[in-house]
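Should a chain be cited, it is by its letter among A, B, C and D, assigned in written order, with residues numbered from 1 in that chain.
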Amino acid sequence: MIKVGIVGGSGYTGVELLRLLADHPYVKLKVITSRRDNGVAISDVYPSFRQKTDLKFSTLDKDSLIECDIVFFATPCGIAMSQATRLIKSNIKVIDLGADFRLQDTSTFEKYYKIKHSCPDLLKEAIYGLPELNRTAIKSAKIIGNPGCYPTTIQIALAPLLRADAVDTSRIIADCKSGISGAGRKAELALLFSEINDNFKAYGISGHRHVPEIIEQLRKLTAKKIDLLFTPHLVPMVRGMYSTIYAPLLKDFSTRELQSIFRNAYKNEPFIDVMPLGSYPETRFTRGSNMLQLSLHRPRDSDIVILVSQDNLLKGAAGQAVQCMNLMYDLEETTGLLHIPIIP
Amino acid sequence: MIKVGIVGGSGYTGVELLRLLADHPYVKLKVITSRRDNGVAISDVYPSFRQKTDLKFSTLDKDSLIECDIVFFATPCGIAMSQATRLIKSNIKVIDLGADFRLQDTSTFEKYYKIKHSCPDLLKEAIYGLPELNRTAIKSAKIIGNPGCYPTTIQIALAPLLRADAVDTSRIIADCKSGISGAGRKAELALLFSEINDNFKAYGISGHRHVPEIIEQLRKLTAKKIDLLFTPHLVPMVRGMYSTIYAPLLKDFSTRELQSIFRNAYKNEPFIDVMPLGSYPETRFTRGSNMLQLSLHRPRDSDIVILVSQDNLLKGAAGQAVQCMNLMYDLEETTGLLHIPIIP
Amino acid sequence: MIKVGIVGGSGYTGVELLRLLADHPYVKLKVITSRRDNGVAISDVYPSFRQKTDLKFSTLDKDSLIECDIVFFATPCGIAMSQATRLIKSNIKVIDLGADFRLQDTSTFEKYYKIKHSCPDLLKEAIYGLPELNRTAIKSAKIIGNPGCYPTTIQIALAPLLRADAVDTSRIIADCKSGISGAGRKAELALLFSEINDNFKAYGISGHRHVPEIIEQLRKLTAKKIDLLFTPHLVPMVRGMYSTIYAPLLKDFSTRELQSIFRNAYKNEPFIDVMPLGSYPETRFTRGSNMLQLSLHRPRDSDIVILVSQDNLLKGAAGQAVQCMNLMYDLEETTGLLHIPIIP
Amino acid sequence: MIKVGIVGGSGYTGVELLRLLADHPYVKLKVITSRRDNGVAISDVYPSFRQKTDLKFSTLDKDSLIECDIVFFATPCGIAMSQATRLIKSNIKVIDLGADFRLQDTSTFEKYYKIKHSCPDLLKEAIYGLPELNRTAIKSAKIIGNPGCYPTTIQIALAPLLRADAVDTSRIIADCKSGISGAGRKAELALLFSEINDNFKAYGISGHRHVPEIIEQLRKLTAKKIDLLFTPHLVPMVRGMYSTIYAPLLKDFSTRELQSIFRNAYKNEPFIDVMPLGSYPETRFTRGSNMLQLSLHRPRDSDIVILVSQDNLLKGAAGQAVQCMNLMYDLEETTGLLHIPIIP
């Protein structure tokens, strides 16, 4: 059994990790930390875990993680990098669901996250945890920077097009919509039910932190300059992420050719579902599962539109992290990740 | 493998059965019918099943169910009883999630459901499928009337009290609240998002069809007259059922004694969670799982208040039906039913 | 024009007062305070007020309220009583939407609110602001304790029955359901969209602060002992309150007689709508309006059930306060309060 | 008083018209028709109108509208054009909130709406009812084609840019999001609460009926070819519409210059609010009001992004229609339309 620790277990990403790992056939949960709920049983904070686990939340201290084989960080920026060096030295693998190990460019990191990177040497060894684009490196990784939720949808949508040199990379637009759980479990007025329900809005249109991550990764797929216009919006729903991505085509592709490009790119991918032409993904059809569903549209000859749906807490966070762990331990990639979405 | 058919598979109860049975380790789905979606792949109606099943919806005809070992009916009143006789004759077991085999008293049935019972003889063999109160009979049953959602919560809450002769059975009040999926997948104005969202209401306060079912079952536990005041309400949420049940106490029980009565009654029950005194169940903590959570309160010395939460589509319908099937086939009762609720 | 101040204007009750008063034909808004948003334009916090008002939030200081004729407090417990004495001395009327002036019994107040009452003498002059039961006193009041939201529904439902000596006052049950805005605009985890959406729960079943207020008021209508079992619940909707009230009848009333009792009691009330027998109120039909709608049911001969619906922020708070102000200034009681609910 | 008829009064647009007109100081409602609810009191279908109106729904027959001065059609395609000729002959003005009189090009109309236009001559006299772009013509109109909801947001966002020849009209993208009430009050599975809640999706990406309307109108503002990529989405909220509009700039405008262009374009418009630079509209801040709020952003130098929010049932439908009526009767344009949005 893989001995696992979760740091930051009482947030939404943490509790989703907990749900996945508590049922994972090769995992033994050893430690789960939460500053807020130190000493409290998981099942007291989340009674959905009554009769499922006896673990209590603890605080993060020097020794608590030492018996783990792998530690997941579901924490705000800065925590993972403060712990990673000593964990790696003790031969403990790390998957950070935050941003500490996503960006190789530390100056960009420091500009966007307003914090100095404390272990740039370790960062060089970090692997970006998007299996569909980076599977081989993940398998032998010691430390993973797990992708952001928006970046996952955008990279999966654009990678086949960039590889085929099919679109004008200077004119891409990603109009993205996220459920509220993506904002985390924070006591903030803007996240109250009475502020969110029956309300829709854009936010962070200039300079969202996910942009440099997307650019840095996409650059590996093309030599061309990438200029991404990214507009995130908040949808009054708990889970789900929907990205509507617009790209001008460089050549005169038929829609079938484009569909083939995507079908071929993802034909062996267990978690990427290229839907038939004319389909419309809906977030409910990936809710609670690690699947990402996408479809192509051509409302205007000059452009391709890609519609992408995923559960922001699964393929956009905790599910993807477990997928990486499976790869790192040479398990079947889908182990513990084959939930059927809950409908309705 | 148990060969299973589902009649009425495109409704909410049907698709939930499908989710449970598609992952059940001892089940092979053979047939799933839907008049509305005849000939259409399940995954075209519910793309959440893409890559999970290749089955198509078919119509209900004479021969289609003949290769099944057991057939679930998730249909409106009348369908199950029209098919049951021939199925039972062919040695095929039946679990009806509708009302055809719940009430032994056919005159009450006919009064409430406005339809004549077509197989009263078969009805006599039918077993009421609430495992916590009827486990032995279910094990050898050929035909099951699966309980209604409200009745499950009310019976589980009252059974220990009736057995202990603890409450005045002529003064019980059940104030119940249901998510909208309980009303089914019907194209009706009253169920539209724009009518339901940000709205709360009572309905059916006089003469809800679930009342005679509850009374008939509770009578098995007490010789006293039972007079139940039952008020159902609709909550603007998809899943979840919450019953607040009030009963005047006949004797001077301490709260601890009452708690012991419940703890003892359900100590071996895998799906009944008697929470610690002072707890408040919340529907989200049973969402997507077959657990029923309840807690006791004593705001007024003369009364006990029981708060009960379940997922109306699981313990209130499809989950309970699978629990019955497990018993009928001598499987571990929890097989395929140990999902951890999805939070948030 | 009546010069008006609002203390605590950026909470949900405060902003609803603002909406009502900004359109009131005889009111001139002079001051609106908010610690959180001091110095910020109302329209920057709530852009719904752009082009409607130029007022800025200010802090509460000695002189700021002195030019007002009347001051509304939409503040947590303790603020209103700290300011009331000096305001009343300056001949400024006070309407407190909080709890400082609701309870005449200061020992009960101090037990439930864990704070000493700082002006018990002034409290004696305070009038309970429920116009339907207390209109004459309100007209000449200097200081008003505006009723709580739950107490408004319960008193309106029970008053006619107590006056007619129709029900057993020791066995009343009020099963109440509130939209989330009733919990106020506070940065708390329990109020986040991701915790509330698609979730239902009871809370505060033993010892909710509204119980003594209800009892104190109802005692004015009957000499009998009142024992109220009160269970509040939270509904995943923003606005709306629904109370389902159960009372055993003392005599053999026909349903028509009971309906007449209510019709007569409220026949001249502009904001109380006794619906026809058999009706079901829904919270959406009072959303955004000061109307309270109720209907009677008799599912069991021995009991009456009263269903009550109101908008918790209007008739349950700000609307009621403006109704009181209209009475205090001898205006038509409905002035500025005749909004048609917004459907859908 | 203007004598008004509403045809199709029980749908969401119809009932919103009713709300606005019932409180309009210069309007007397004479007739309101509904096939579904013929003979039923408005207040029985919508108890929110109890004590507000005694009108009953009637059927549309020859004589019923003859005493009206103006008739609003809130009906599916085809009804308004079947009635308009005889009404206009009787000197009764017509405002159609449907599509019958929006498109001057009947072949396009017939292609998109699959129905022959029955009065092409009358159509020539019809005026497109967007006051901000067409005020003078509306004032003397006899028959108005009231704009669609999406087209209103897109035209208001683009008009100043087209007039200034500022953007590449062949590369415009409108990524639009609508609340569910926009789909109307129809008994369809896809509109059920259990299908919509916690779900987000795109639809109608190729060939939405609103595209030709937008193009036809925008052509009046520019000689250039307009190629619009329009993607509508459904948001799990009842009311509200949000359009995120992307346009490549033709020249090197500063953001301030662009802001000035918009400020100047709409400086006298009572219902268009050009928010300060950096603002984010939210649909809740226009909920229940006729205001449209917009803001400009420049996340990428080469493009302008316009965020637009409105209530789809007000400025997107019924509010705009009343605004037109005010103009047609030479009333103050804002009469009966100055509601403050309801927050929260």
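What we mean here is this: contacts are C-beta pairs under 8 Å (C-beta built on N, C-alpha and C of every residue); 3 or more make two chains touch, one makes a residue touch a chain.
This one's a predicted model, so the numbers in the text were calculated from it and none came from an experiment.
Enquirer: Could you name all chains that are in contact with chain A and with chain B at the same time?
Expert: C, D
Enquirer: What chain is the most remote from chain B, judged by the mean position of CA atoms in each chain?
Expert: Comparing chain centres, D lies farthest from chain B.
Enquirer: Of the chain pairs A-C and C-D, which one is connected by the greater count of C-beta contacts?
Expert: So, comparing the two chain pairs, more contacts are at C-D.
Enquirer: Roughly how many whole angstrom separate the Cα centroids of chain A and chain D?
Expert: That pair's centroid distance is 39 Å.
Enquirer: Between chain A and chain C, what is the separation of their C-alpha centroids in Å?
Expert: 46
Enquirer: Which whole number of Å gives the spacing of the CA centres of chain C and chain D?
Expert: Once rounded, the distance between the two centres reads 37 Å.
Enquirer: Give me the residue numbers in chain A that touch at least two other chains, ranges are fine.
Expert: 12, 181, 185, 194-195, 197-198, 236-239, 281-282, 284, 287, 344
Enquirer: Could you pull out which chain D residues touch chain B in their complex?
Expert: 12, 180-181, 185-189, 191-198, 236-238
Enquirer: Please name which positions on chain B make contact with chain C in the complex.
Expert: Per the stated touch rule, the residues are 170-171, 173, 175, 177, 179, 194-195, 197-203, 205-207, 227, 229-231, 233, 235-240, 242, 244, 246, 248, 280-284, 287, 297-300, 302-303, 305, 307, 309, 344.
Enquirer: Where on chain B does chain A make contact in their complex?
Expert: For this pair, the touching residues of chain B are 12, 15-16, 19, 22-23, 46-52, 181, 185, 197-198, 238-239, 273, 275, 279, 281-282, 284-289, 291, 293, 340-344.
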